[in-house]
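Next, two complexes with subunit A in common: one pairs it with subunit B, the other with subunit C.
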Partner chain A sequence: MSSTPRTAAAAALQEGEAPRERIKVTKVVDGEVVEEWIEVAASDDAPRWQAREDLRLLDSDLRRVDGPAKVTGRARYTHDVRLPGMKYGRLVRCPYPAARCTVDVDSATALPGVRVVLTIDDGETRYLGQPVAAVAADTPELAEDAVRALAVRFEELPWAVTRDQALAEDAAPVGRDGNVADVRTDGDLDAAEAALATCDATVEATYEVPVQHHVCLETHGVVVDYRGGDEATIYASTQWTHVVHRERLPERLGLEGSQVESVVEYMGGGFGSKFPTGIEGRMACELSRELGAPVHMMLTRRDEFLLAGNRSGTHQTVRAGATADGKLRAMVSEVDKLGGIGRGSHPGLPYVYDVETSHLRIRSVLTNLDSNRAMRAPGHPQASFAMESTVDELAHQLGIDGLEFRKRNLASLVYHRQLDAVAEAVGWADHPNKVGPDTSDSEVKTGIGFGVSTWGTRGRPACVVTVRIGPDGAVTVLSGTQDLGTGTRTYVAAIVAEELALPLDAVEARIGHSSYGAANGSGGSTTVPCLAPAVKDAAHKARVAVLARVAEVLGADPARLALHRGQVIHLERPDERLGWAEACSALGADGLTTTGEWVASLTDAGVHGAQAARVQVDTLTGQVKLEKIACMQDCGLPLNRLAVRSQINGAIVEALSYGLFEERVVDPDLGVMLNACLGDYKIAGCADIPEIVAMIDDEDTRGPIGIGEPPIIPTHSAIANAIFNACGVRLRSMPLSCDKILDGLVANGTWAGGEA
Partner chain B sequence: MTERRVEEERRGFSRRAFLQGAGGVAAASSLTEAVHAAQDPASEVQRMRGPEEVELRVNGGTLPATVEPRTTLLDALRHRVDPPLTGTKLVCGEGACGACTVLVDGRPMYACMLLAADVVGREIRTVEGLADGDGLSPVQEAFCEKDGLMCGFCTPGFLMSATGLLERKPDADAEEVRRALSGNFCRCGTQPHIFEAVAEAGRRLREGGR
Partner chain C sequence: MKSFELVRPRTLDQAVTELAAGGAMPLAGGQDLLGELKEHLADPERVVDLKRLEGLDGIDVDGEGNLTVGALVTLTALEEDPRVRERFPVLAEAAASVGSVQIRNAGTVGGNLCQRPRCWYYRTEDTPCLKRGGTECFSYAGKSKYNAILGGGPSYIVHPSDVAPALRVLDAELELRGPGGERRVPVADFFTLPSEGDVLKENVLEPGEIVTRVRVPALRGTWRSGYEKFRERDSYDWALASVAAALRVDAGRVVEARLCMGGVAPIPWRVAKAEQALLGPLRDESAWTAAGREMVRGAEPLEHNGYKVPLARAMIVKTLRRLTT
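Presenting the complex of A and B:
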């Protein structure tokens, strides 16, 4: 590997100072990505990723190392933890959006097998389903009995569960300062209005996006292993192993942080909702402390829908215009974020596309429903729906096809090549109706739509990674990170194996224990950019250290030694080589341990992504059949190509489900959620999945960048545009369901059933 | 001032609440009696009055378990056998997601929708029974190779549905695979790779794998 000195670092060295450089990093605060500048050491001998052609493991398809544990049922999730004397905890929820409540504890503790009932903030509740008590019993069934038996007196208070209710003049107060919060404006309204007046084509529309639920298959929860005494283990289904300490759960047990180990070996999906251990974590600790026994506290599926977070809904009103040559000139938008008692998420409009002059007013409208939480690219899919629809509406008015119009308004040529790639993948060149709807005689119309995405996260110093090499050559890498299913454990092992020229199975990756070292939570696609550099750094130091020790023993110059295919070789004397285990015997009885930290030059920031959807719309039934969805995504160095494709597939599946099916339904008169179960909250199943073409943009030669988020941003938008391209019905509210399509066909006079 | 008992299931009309509301054990027995009678006219119908020790035939062995009349097969596997068989997952508890799919006499069934007492004597296979020692079954092997899993929580259910299909019909085509798996949800979005894995497993089984 070459080691060209960095100019800034070299200059600093000449002046005799420790070299420093200022870099911009991002972190996730309450689900929002926040940027900040920090100073880091600039090192001239920093590790570097090998050239792509020299990589054996990274940048190829790797089987995930924990696959066998997961396919045999051996992988133990929090939900599966069983401990001697363990009690089962459950929460008791308030059935009103707002109420005053009084709990009669004795009504449940009278039941045999019910061990304890604790009240939670006895007083007023602020959102539908807010827990008011927690119970613990000998079995899950008895805990459920206790929930049923517990008598709670509720006095219903005024509430608002919809945007209209919250904005009404006589609205019930949701927040302390009213029902509108965080009002922000951006841009010059007068200039935007003036620009709008000069446009050749304009659109004025309201785009509505409902609340989506995360639907993690493993519900939120923890198992607290506390049996009195001065230590405890907390197993948590979380996307941040260290959150247990950050939320000070040890204090709830009367323990110091150092006396508590948190464990996240396997977890069944988070998607942004599992940063906090939440009220269930807190109450599990309090129940456990009260009983001096382990407590298993996993939310029920209904709890999950009512109190474990969601993707905020959005109400977006847009007025936008373009010039006859297809350039976006003006956009005036008003965005209401609907995150229950939370503030909602939205990156603002315009989104991704260049618009000459714009004005934005954005605010949060509060309702008595549980707070939104981060969900895969918080706010971006909502913004994408309004932006991509607007773009498409203007393109159609101007008679320009969707692909060409997009290119005219996207400065980055990366988008151009990605759009061309996905267009080719869905058969755009041969598509007969590029500009207008399908006018063929067939009742089933075909359409193609596009969408683009962006994501930005750079890593930051957050992880400390340890590599241990035993005198027998055993290699272990330890990190307090967690694997949400993205394949973290596998690339942690692969980075080390690559550096040490060993096969993948020669390295054991141990993760998911707080004692394994500092690590960030997995959110904002920051796991790879924070963790991979630290793993690489630790592995690099291990390689240097092994070669130095072996060189001592051999009396050789370490610079003339190298690791190659499980052997230490001498560059000039190729016959002199040592097997890995033999070489490691030179390390002495203790072996060696290195620690790695974040290295700025080992990662990068800012990705693009383009998607195209090809759909069929039955103009008799309004049914949409997805034929094919193609995505091209840049991600810097793909650490595991197979896992990257899985991530892209997964994002597209979750987004097409969002687009076509998902919606939290709350009755505005009764204030109850009508579909708080998986039988009624529809998500995509196997029959709904089209052919998905997941392409990695290999023209991107940067270091590895996380891409959990970006491919989930534009899929539903591309589908909405494809539906319009097929049948001429513009859907401005999600989900993109067949009843809305039928209404549109009838209104347009194009329903295949004739006159309605 | 209104008073309302906080109830978990009554609002949602769950099967369990229905059984309890409708006289509990008697209702459960009369429903299942009919099923048993239809499937096996010679079977002896036994009524349960409370917790009872039963023997479940699981993965080729016999496991004692103390079950209540309301105990589902899923709860029995996860909580009432020793050691607990936690590979089978609880996700929805109402027969909507397929995470608890097991094979009962070779057919994929939702363990959350079966009462443990009703499957006494029937042959149950769970994800723990697929591998032969360290040797993965062709379906398990293909899931690993094609990355047909991410968080892994839906994986046992998908494996059992796929195994049930391929043991019956190793030459199932893509459409049949999709249909056979349509009772299973995956939220990570592994379906495209699962389809590839099941196709690959079918190929191996036809070529004489286990």
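Presenting the complex of A and C:
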């Protein structure tokens, strides 16, 4: 084995000099990545990511450590929890958008197997599907029977379920202060109007985005293991293990927080909708307390659509203009967020692109529907659709291709290189119709469209991570974080294994228990920037501590020891080596425990992203066939390249499904949701997914940054632009479905079927 | 779903007796019934499982080329049968277009023909839909994207079966068995318009009566046939519009044409004038256009389904283009 030092610090140690090191750091200034070299003391006291070429595990493709458990069904999700004496809970929903209701509890308790019925809110409901009661029974089927048997007298109240209804003069009041909330303006309207008047090309359009649902594979819910006494365990399908305590669920059981352990070992998707455990969490605790028995309370699929959150809809009216040389000069926009009784999400317009002068009026329009919740890049996909469509419409008017026009209005060169990369990946150079629709005789037209994204959250001190090393060399890392499907468990183990020079399978990552330590919720792409530094810190401290103990036993200077490929080596006496397990016997019977916290220098913030979509449009039937979608995304140090690409793939699938198929349909006269099931709420399946090229921007040399949100932002926008580029039909409302394309082709006189 | 008694008869006589007792519904592949039970669109007292009946799961071709398909034959079996593929490609293609592999593995021919509508007003328990004994067809003034452009009123459902239009152009007959014995009904007479039959039903089946066999007469001469289905979502979906076509070709000319559409009307929609328009030279684009116009003549689109008129015509062109190449 070679004893050649692997780092500058090690080399300096060998030479006995005071170690100094020059390192490159990067930061984002006005959306621009700025790199600089700084000199730092190469002290072992400060954890630092190794140089990329020195990494064995991180920055490579790692298979998920829990993959086999998941695909074999060994992984226990909340839904899978079965406990002795467990009862099944169900919620009773209000079938009206607003109603006064009276629950006759006795009407269901008489049924065999029905154990308890609790009223939730014996008063007025404010949204369609709002739960009014909860039941618990011996089986899920009996619980369903109890829901149907329960007599609830509903007196329908006036309601509004559409934007038009909510804004009508005689509209039913949804909120206490009317149906419009949170009105905000930004920019100088007069200046923006004046700038608009000087533009060489202008567009005036309304872009509509429907409500999208999260459609988590595992529905929302909890299993409360309380059997009387003074302790309980709450299994929750949540993206925040500690939310159970934050929502004070222990109090609902009559217990102290310390008497309740929350468990999220595996969870089947959240996408932002599973921060709260919601009414179902609260009622499961109350039913369990009432019964002194465990309660399994998972929402039904119909519940999911009606009361478990959604991505808010958006109505965006835009007037924008550009100069003949292709610079965005003015934008006046009015944005209505449609988040039911919630406030909706939207980052505002203009979005990402530089516009010289702009004015924005943004507000929430309330309706009697379930509140929106966070959903993967909240608000950004909606803003992207309006912005990228506007950009594309102006580019087309000016006869400038979509790629060039975008570069002229994006200052950051990171976007330029990413756009070039995705353009190349979808064959832009050879694309014959770059500046306008395909006018060839071909019935099937090909189009390419682009979109960009941004995301700016950063880490913060939120996680405390513990590393335990046993005297037998067993390494365990514990964190109260959770894996909402992104591969958290794997990179937690990998960071520790990397630091201790051990193979990945030598480290066991235990997560998803509240007793494993403080951790933030997984949302806003903040898991990595909050958690990874704390894991690294704990691992770093463990390495230093192990070497110190071993040095004592060997009578060596700890600064002369290093870990390398599962061994402790002496930098000057390479023959004196100890195997890892042998070295750990020096730790004594108790082994070693270290805790790590957030270290600012171990993470960064602010990412870009670009996507291109190539589509085919059949101008006879209006059918869109996605051919290829390419994405390039920067994310600092990729902790697991395979997981990063999976994040990109998953985001693109979710976004193309949003773009092509998804829409909550509510009948405006009946106040009934018409597609609250997966037969009618259509999501993309395998046959709808094209080749996806997921690229990591390796020119970004910063520390690790979360990657969950940004790749979901521009896909549907790129598809809409590609459809226009192919066939000349501009779709200003989603989903981008064949009926609208066909209507557009007929209206444009370009339908391949001849005279309509 | 509501609790029910599961009955598993072994003979057709027993099955028919059980079904005739009232409050009973037949179960075959369960691909439609289970959804209906779970959504409380159907709340039978008793479910009669037909899967143990013998002799209804075979595909036979007799010496004269006549095809018989048992009602319990799965869509996968129909799709994969080499005789069906060779002699009646329209039927094999229609079967292959249904749902997903899993659905076709379980779903049966009889069940596909007797499945209930997909209209979301019908499928949503909270609406008092006309077809569930309510007062109004809400799609008429409501969200009508997936509803009928032809033959609608007072209900505007479309019939969801893919197999039905294929059998219609094959001039097939259905063998039915009920309390009153056995009878044969041409597919042409099996499905009923809401304005003609009982609006609560889509066909002529009497209470307790089931489809037992499909009989397809041999095609004499040289035929080309095929099924084209437009799905909004490729992975699995019902037809927004589909076309079953069968052409008898002689000396480079179409001498007999049969054309039937799915997804546009409450029944498989066959129009004689559209078929006549196709007679003549084998590959004549103007004939396809003319056939399309005849097919959608009299169409009365609702607020959100006007696109189905050009789509129907487009699918006819697509189908005939393929069959005449």
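The working rule: the second predicted complex is superposed on the first by the 711 of 756 C-alpha atoms of A that agree within 3 Å, B and C clash if a C-alpha of one lies under 4 Å from a C-alpha of the other, contacts with A are read in each partner's own complex, and residues count from 1 in each chain.
Throughout what follows, a residue touches a chain if its C-beta (ideal position, glycine included) is under 8 Å from a C-beta of that chain, and two chains touch if they have at least 3 such contacts.
What you see is a predicted model; the values in this text were computed from it and never measured.
A.B. asks: With the two structures laid over each other on chain A, which partner does A:A75 touch: subunit B (first), subunit C (second), both, or neither?
C.D. replies: After superposing on A, A:A75 lies in contact with subunit B but is clear of subunit C.
A.B. asks: Under the stated touch criterion, which partner chain does A:F661 make contact with: subunit B (first), subunit C (second), both, or neither?
C.D. replies: second
A.B. asks: Between subunit B and subunit C, point out the one touching more subunit A residues.
C.D. replies: The partner with more contacted residues on subunit A is B.
A.B. asks: For A:H245, using the defined touch cut-off, is the partner it touches subunit B, subunit C, both, or neither? Pick first, second, both or neither.
C.D. replies: neither
A.B. asks: Is A:W751 in contact with subunit B, with subunit C, with both, or with neither (first, second, both, neither)?
C.D. replies: A:W751: touches subunit C, not subunit B.
A.B. asks: Go through the superposed model and pick first if A:C686 touches only subunit B, second if only subunit C, both, or neither.
C.D. replies: Touch partners of A:C686: subunit B and subunit C.
A.B. asks: Looking at the overlay, does A:L742 come into contact with subunit B only (first), subunit C only (second), both, or neither?
C.D. replies: In the superposition, A:L742 touches subunit C alone.
A.B. asks: Quick one: is A:E141 in contact with subunit B, with subunit C, with both, or with neither? Answer first, second, both or neither.
C.D. replies: both
A.B. asks: Going by the contact rule set out at the top, does A:P95 touch subunit B (first), subunit C (second), both, or neither?
C.D. replies: After superposing on A, A:P95 lies in contact with both subunit B and subunit C.
A.B. asks: Determine, under the contact definition given at the top, whether A:G622 touches first (subunit B), second (subunit C), both, or neither.
C.D. replies: After superposing on A, A:G622 lies in contact with subunit C but is clear of subunit B.
A.B. asks: Enumerate the residues of subunit A that count as touching subunit B in its complex and touching subunit C in the other.
C.D. replies: The answer is residues 95, 141, 144, 148, 672, 676-677, 679, 685-687 of subunit A.
A.B. asks: Can you check the complex and tell me which residues of subunit A touch subunit B?
C.D. replies: Touch list, subunit A to subunit B: 63-64, 66-68, 70-77, 79-80, 82, 92-95, 132, 139-141, 144, 147-148, 150-156, 214-218, 266-269, 271, 300-302, 484-487, 642-643, 645-646, 649-654, 672, 676-679, 683, 685-687, 689, 691-692, 694.
A.B. asks: Quick check: in the complex, which residue numbers of subunit C touch subunit A?
C.D. replies: Touch residues, subunit C against subunit A: 1-3, 35, 39-40, 100, 118, 120-121, 123-124, 126-127, 138, 141-143, 145, 230, 232-237, 240, 289, 292, 304-311, 313-315, 317-318.
A.B. asks: Applying the document's contact rule, which stretches of subunit B touch subunit A when the two form their complex?
C.D. replies: Listed in rising order, the residues are 1-9, 11-12, 68, 70-71, 75, 78-79, 83-97, 99, 126-128, 130-131, 136, 140, 143-145, 147, 149-156, 159, 178-179, 181-195.
A.B. asks: Touching subunit C in the complex: which residues of subunit A?
C.D. replies: Interface residues on subunit A, with respect to subunit C: 95, 141, 144-145, 148, 620-623, 660-661, 665, 667, 669-670, 672-677, 679-680, 682, 684-688, 737-740, 742-743, 745-746, 751-754, 756.
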